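So, here come the structures, one by one.
Each of the next two complexes has chain A plus one more chain, namely chain B in the first and chain C in the second.
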Partner chain A sequence: MNCIEIKNVTKDFKNTRALDNINLKLEENKIYGLLGRNGAGKSTLLKIISNRIFTDSGSITVNGKNTCENDSSQRKIYLMNESNLYPPKMKIKKAFQVTASFYPDFDFEYANKLAKLFNLNVNKQIRSLSTGYTSIFKVITALSVNTPYVFMDEPILGLDANHRELFYKCLLEKYTDNPFCCIISTHIIEEVAGIIENVVIIKNGSIIRDTSCEELLSEGYTISGPAALADKLAEGKNIIGSDSIGGLKNIYIAGKNDITEIPVGIEIVSMDLQKLFVQLTNS
Partner chain B sequence: MYLNLNDDKPIFIQIAEGIEDAILTDSFPEESQIPSITEFSVMYKINPATALKGINMLVDEKIIYKKRGVGMFVSSGAKQKLNIKRRNAFFDSYIKTMLEEASRIGITKEEIIKLLEEKGEQI
Partner chain C sequence: MTTIKPLYKYIMKNNLKSIFIFYIIMTAIIHIGFFICKLSNGSSGGIGGMEIATIFLLFSLVLCSYRETMNLSVQCGVSRKTVFISSLLAFITCGIITGTMDLLLSLLGNFYESRIETFTYDSMYEQTFMPVGVLPKFNDFLKVLLMCIGVNTATLIIAFLIGALNYRLSKTMKVVIPISIFVFIFVIFPIVDYTIFDMEITKQILKLLRWTFSSVYHTLVIAAVTISAALAMTYLFIRRVKIDDKK
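And then the complex of A and B:
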């Protein structure tokens, strides 16, 4: 099956271990959410897969072929991240052409259509763009390259609410018309929770969760109610966190909800992706 | 049709129930075409697999049927089928919750009946 396979990848920066023995399989035609706190190793992982930096050990293959210094493998992957690889004085329409020379399936018509939708003037120079429009330019490029694997590192950085909605809609339209493997790394978890099919959570350079969104959400729940009652009900369960206000307490539990008898005054509620993420990655 | 992504109810069930509501109110009449997976996915900003899962629930119940290469349609008789389904679920979905809340705040069954007789007429 076509996929990206990451095996035993480790990366050190001087005295810090950025990635610690990462094993991960990214399947084609799925939307992944790559989640992790600041400095967890998300960007490093994406840069290593796209060969912008090298691993210290381990291997990465795309559809069975090694990616390291391999041009044909790298043409299957597109990474958008914070770095701008185009000359700052280059006009956007020229940047589209340059991109197309590396990625022959680049769709000019689609890119120009998106530019219109987002009100991006393609005759502008890249350096003249605001933070938001720099993101928009990058996102449009990423959606137009038509590679089987597209990595988006913080695609919505600086985008206003209207442009974020438009981005999600364009992404889903593109994806349903022509599925591809898309990895979105973001901190705005609430907004992507419905869009992503699989979740990969990185904590301190290690992958702590790699599962479907649905499976992950069934992995945790909250017991809410009077502290004494809640504590009693949570006894013997895998507590991953709690908070309380006055005599009321929320206890976050990892594991499937197996409580059959709910005492009066107690509420059992499921956790949303963001809450679960916060509890799983709290140090 | 409104989806609440933070609701306890999974999104695919919300999609299925939203379509059911639309059929019951004739927004999606029987034998008419319903929006495509892409349209649901884009409109509600959800993964197409989730939308598909919700719609497939209704296909399994024969409330929706698929015409290959054309799209998805509301089955004839779907409205009545849904009516029966909702009636059967009425006690669990509505009355049970009401009785639980009533017992929490000490409203007796007699009081509930009185309320229904006095104010139920207005609705």
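And then the complex of A and C:
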């Protein structure tokens, strides 16, 4: 099966262990959410896969071939991250041309269409773009390269709400028309929750969850209702957090929902991804 | 091979633009020099050693573009090994092109020199290897071509090495290394050579320099040795370099 396989990858930066024996399989034609707190190792992992830095041990293969210093494997991968590796003086249309010379499936028409949608002037130099428009330029390039694996590290950095909506819409349209493996690393979990199919959570350099979004969400639930009733119902359960508004209370429970009789006034709903993430990654 | 070609094209396109502008300026300088000498009755003037300007151009061209080329290549999924091969091929091509252009400048200069007595043009070859006042022959122009290609390619490769080294070094080391080299050459080496070796190392270096500039072929041998050594070191610096993606 076509996939990116990460085996026993470890990476240290001086005295800090950024990645600790990571094992992960990223399958084709799926949208992954790579989640983790600041400094968890998400960007390091993406940089290692895309050959920007090297592992201390372990291996990464794309469709069975090693990615380290391998041109044919690297051409199947495209990483957009917060840093800009294009020459700052380069014009956007030139950047599209240069990228197309390395990625033959680059779709110029689509890139120009997206540039128009996002109001991005392709005659501008990259250095003259604002933070938001730099992200837009990188997102457009990433969506237009047509490689089997696209990594997006903080793709919505600096984007306003309208542009973020547009980005999610374009990503889903692109994915529906021409499925590919997209790995989105972000802190705006609420927004990507509706897009991602699989979730990979990294904590302190180790993967603590690698599962489908649905399965992960079934790991917890919320009891909502009048405080006294909710507290009574939650007794003896694995409470991972709570919040109150007036006389109403939300109690977050870890584990499968085994409540058979729901009292009047109480509501039991699945926990949202962000709440679950916060509970799972709290130290 | 598939990634060597686009990267080679990218490097060549960037370099050729600057080289083209440079030679337009150089040609203009020769023309202006010639016409000034022609118009000012009796007073003589001359131009020489324009190949040195080419060396400066090539050196700065590679040093200024190294970081951008490396970063862009990795962004576009090119391995460091391919960056090395593509750059090497592009530099050899640039060396041949600039060598040929230097020869053409030399031919143009000598053509004008033969037209009026008050104008003189001396290429680096003429200044180094030929007696004063003797006009070069066809055979000499072939030697000019060989020498220019060799020297220009060696310049490009040395700049490539310095670019690769500079990319790898931390901010502190970027200051420490040039100072150390200066201190070694101008303080430590002379003291050690004088006190321990009775100036024998300096004598041998001068002997090598005299040998190098005694014939075009000797210069080419030294250029080839320099290119090989610089390439080997550059590959070591590039091979496992971590991409510097800080703004």
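Convention: the second predicted complex is superposed on the first by the 245 of 283 C-alpha atoms of A that agree within 3 Å, B and C clash if a C-alpha of one lies under 4 Å from a C-alpha of the other, contacts with A are read in each partner's own complex, and residues count from 1 in each chain.
Simple rule for what comes next: a contact is a pair of C-beta atoms (placed from the backbone, for glycine too) under 8 Å apart; a residue touches a chain by one contact, two chains touch by 3 or more.
Here the structure is a predicted model, which is why all the values come from computation and not from measurement.
Looking at the shared chain after the overlay, A:D177 reaches chain B, while chain C stays out of its contact range. In the superposed model, A:I31 makes contact with chain B only, not with chain C.
Look at A:E197: by the touch rule set out above, it reaches chain B but stays clear of chain C. By the document's definition of touching, neither partner reaches A:I188: not chain B, not chain C. Of the two partner chains placed by superposition, only chain B is touched by A:D272; chain C is not. Of the two partner chains, neither chain B nor chain C is touched by A:A227.
Judged by the touch definition given at the top, the superposed model places A:D71 against chain C, while chain B stays out of reach.
Of the two partner chains, chain B is the only one that A:K169 touches; chain C does not reach it. Interface of chain A with chain B (complex): residues 31, 165, 168-169, 172-173, 175-177, 190, 193-197, 213-214, 264, 269-270, 272.
Partner chain A is touched in their complex by these residues of chain C: 2-3, 6-7, 9-10, 68, 71-72, 74-82, 240, 242-243, 245-247.
By the touch criterion stated above, chain A contacts chain C in their complex at residues 47, 50-54, 69-72, 74-75, 77-79, 81, 83-87, 98-99, 101-103. Partner chain A is touched in their complex by these residues of chain B: 3, 5-6, 8, 10-11, 37-38, 41-42, 44-50, 104.
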